[in-house]
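Take a look at these structures.
In what follows, chain A forms one complex with chain B and a second complex with chain C.
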Partner chain A sequence: MQIALSMENVSKEYPNFKLQIASLKLPSGSIMGLVGPNGAGKSTLIKAILNLVPLDTGRITVLGRDHLKQEIEVKQLVGYVPEESNLYEEATPAWLGGFVAHYYATWDDTYYRGLLEKFQIPVRRKVKQLSKGGKMKLSLALQLAHRPDLLLLDEPTAGLDPLARRDLLQELLEVIQDEKRSVLFSSHIVGDVEKVADYVTFLKEGSIVLCEDKEKLLEKWRQVQFKVFDSSRREEIANLFTYGKYCGNYFQGITDHFDEELPVRLKELGAENIQAVPLDLEKIMVILSRGGI
Partner chain B sequence: MLINLSPQNPTPLYRQIVEQIKNRILQGELEAHESLPSIRQLAKELTTSVITTKKAYEELEREGWIYTRAGKGSYVAPIDRPARHEQLLKSLKKQFQNLITEAVDSGITPHELEEAFQEVLRRYREEEN
Partner chain C sequence: MWRLLLKDLYLQKRRIIWTLWIVLILLVAARVVMGDAAPVIFFATAYFLTSIFTLQICYNEEENKGLAFLRSLPLSTREVVSSKFCAMLLVTLLTLAAAFAWSLSLPTTNIFAAGKQETALMLITFGELYLVINSLLIFVYFRWGYARVQFLFSLIMTFLAFGSMSLSRLFPKARFLEAGLTSIQGASTGLATAIILIFLLWIGSIKVLQKKELS
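On to the complex of A and B.
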């Protein structure tokens, strides 16, 4: 399996914040969603890949190429869409296409024109006359058109209406139709990540709290509730859960390692009326952010 | 391929895909050795992740509904009807088992259960006729 992106022992310290990534790997052909509360370090992490944020320690590679020693090559392979539009306000999409094309050997102008049409961006209108969603789609088209192997998107769906968000997610899935290409995108719209991401990385205060295959994650996390009357077993039962609380004889718990054995074990310990319900990614994120239920 | 995913449904998405493809195979809508879309195509079609469609196909393969040729794709497996019938009965019994456990846990006696089952079945037969 080829690795599109690898980060090892990466750290970057600011006066009030420290990004510290022990290890992060994104396999080629997949989409990774980067989630976490505001200020968790999502943008810093993305910028570090492009050396827009110089690291204190650590190593980053894109398709095996060192992001410092082979910086230009890495930048050719990467498409980056920042959170805030950084396009010349006075320029038109047509002019920008010609401008950006100079920097990339792999620029595909037919594809670019096709994307503008698909995203319904008028070729001759100035950037400043475009809506926020329009600017985002234009930035995306500019970055897709050089067919990057790794696409980095910082909050691409923020401020887009539902239809535009769906188009954008569809486009990300289009990118990975080619198994050599990959996408890393940050979002605090967790539902978007849940929809299309293969891997979910959860950042909190600069560190990775969780990084997992999305299907496994959704399978392993469960909210479990039941009744217990035997008070001598209460503690032993609570210890089976990652988070939990009693409310009278009722127990409500969250586990991040659910399997068929758990209800059996709970029953042995005297639990009754056991109900286990799946959690969506948003709930998991809230629990992780709070560190409890 | 027409598949409807409902995120509100508590059934996991991959399982919804499995069930719908399975039903299409059982109804003969998908025929033996017919090729299925690739996991990437299907993911795009459904606006869902590749890992979800991959898991669905793996599950379908494990259950014997489809087979995969390396580098070529996935195809509908021929159905062995008697074996399938046997398997359906087995899975039905397991569902009964769960239902019974749940009912007994909430204080219904096995005798009451039996009567309730007979009653529902009787009504179903009457409607059939």
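On to the complex of A and C.
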């Protein structure tokens, strides 16, 4: 399996924050959702890949190329859409396309014009006259038009109203699933990530708390509730769960390793009326953020 | 790099055209009112304009988060920095050439006429000084951002307007200021010093941009 992005022992320290990534790998052709609360380090991590944030320590490679030693080559392979538009406000989409095209060997102008049409962006209108969603779509078109092997999207839906967010996400889904490219997609809106990601990485206070295949993650995390009347077994039962609490004889717990054996074991320990409910990604993230139910 | 330079000129085109119109009107008015003294005003305005252009190209990048955009493209920091220096040098040289051409075209204000060479050399020396000042503004922009550039520019303008008059009083023992060099020697020394300083500021700007964190 080819690795599109690899991060090893990456660290970056600020006065009140430290990004510390022991290891992160994104397989080629897959979409990874990077989630976490505001200030968790998602943007810093993405910017570090392009050397927009110089690291204190660590190594990053993109398709086997070192992000510092082969910086220009890496940037040829990467498309980066930032959280806030950094396009020249006085420029038009047509001019920006012409400007950016000179720096990419793989620039496809027909594809760019097609994307502008698809996103309904007027080619002669100035960037400052576009809506926030329009600027984001233009940014996306500019980055897709050189057909990058790795696409980095930093909170592409942040700050958009629900309608614009839905439209953008829909269009994003169409274009990123259209081709065999790897995508690292950060968002604090977990629902967006759940729709598109193959892998989910959860960042909290600069460190990776969880990094897993989305389907497996949703399969393994369950909310389980049941009644227990035998008070001598209570502690043993609670130890089977990652998080849990009793309310009288009623127990509610969260497990991150659910399998068919767990209900059997619980019954052996005296649990009754066992109900295991799957959790969505958002609930899992809330639990991880709070460190409990 | 040239494409980046053209980008700066393209994005500033409207401001440049408007500024040139206003300057043209002011210069014509200055010549009508001041007559022979007008060339000094031509050059003072030209120098000031070069700094305004330098401020504008820095402000434009800051306002649009342009550095982060450029650094996300497959471009080296050297190209980004060099484009700013080249744009500044090009505009400064073109402005100076225009000011000289203007001056030469009018017989009464020809600063190269006999007895006026001293004025010409003084203006050239001031041109070199402005090249260094503009390079310093670019360096400060790459190192600290536009807010500090504005602050520094205000300080420099205040000093040039008022402080330079008191220079000999501030540094009474600095005799090298009046070391008996001929005007040509002074201008050549100034040129060499300016080239070295601009080179150092260019190298310094590349180094700081490489380590700069871009949001």
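Quick note on the criterion: the second predicted complex is superposed on the first by the 271 of 293 C-alpha atoms of A that agree within 3 Å, B and C clash if a C-alpha of one lies under 4 Å from a C-alpha of the other, contacts with A are read in each partner's own complex, and residues count from 1 in each chain.
In this section, a contact is a pair of C-beta atoms (placed from the backbone, for glycine too) under 8 Å apart; a residue touches a chain by one contact, two chains touch by 3 or more.
Here the structure is a predicted model, which means the values were calculated and not measured.
Trainee: I'd like to know which partner A:L173 touches here: chain B for first, chain C for second, both or neither.
Mentor: first
Trainee: Answer with first, second, both or neither: which of chain B and chain C does A:Y104 touch in the superposed model?
Mentor: second
Trainee: Would you check which partner chain A:D256 touches, where first means chain B only, second means chain C only, and both and neither mean what they say?
Mentor: In the superposition, A:D256 contacts neither chain B nor chain C.
Trainee: State whether A:E8 touches chain B only (first), chain C only (second), both chains, or neither.
Mentor: Once the two structures are laid over each other on A, A:E8 reaches no partner at all.
Trainee: Return first, second, both or neither, reflecting whether A:K214 touches chain B, chain C, both chains, or no partner chain.
Mentor: Once the two structures are laid over each other on A, A:K214 reaches chain B alone.
Trainee: After the superposition on A, what does A:G29 contact: first (chain B), second (chain C), both or neither?
Mentor: Touch partner of A:G29: chain B, not chain C.
Trainee: Contact-wise, after the overlay, does A:L50 reach chain B, chain C, both or neither (first, second, both, neither)?
Mentor: Only chain C; A:L50 stays clear of chain B.
Trainee: Which holds for A:E272: it touches chain B only (first), chain C only (second), both, or neither?
Mentor: In the superposed model, A:E272 contacts chain B only, not chain C.
Trainee: Name the residues of chain A shared by its contacts with chain B and its contacts with chain C.
Mentor: No residue sits in both footprints.
Trainee: Flag every residue of chain A that touches chain B in the complex, lowest number first.
Mentor: It comes out as residues 29-31, 166, 169-170, 173-174, 176-177, 179, 191, 195-199, 213-215, 218-219, 272-273, 277-278.
Trainee: Under the stated contact criterion, what part of chain A meets chain C in this complex?
Mentor: Interface residues on the chain A side: 47, 50-54, 71-73, 75-76, 80, 82, 84-91, 95, 99-100, 102-104.
Trainee: What residues of chain B sit close enough to touch chain A in their complex?
Mentor: Listed in rising order, the residues of chain B that touch chain A are 7, 10, 12, 14, 40-41, 43-44, 47-52, 55, 105-106.
Trainee: Could you please specify the touching residues of chain C with respect to chain A in the complex?
Mentor: Interface residues on the chain C side: 3, 7, 10-11, 14, 60, 63-66, 68-69, 71-76, 210-214.
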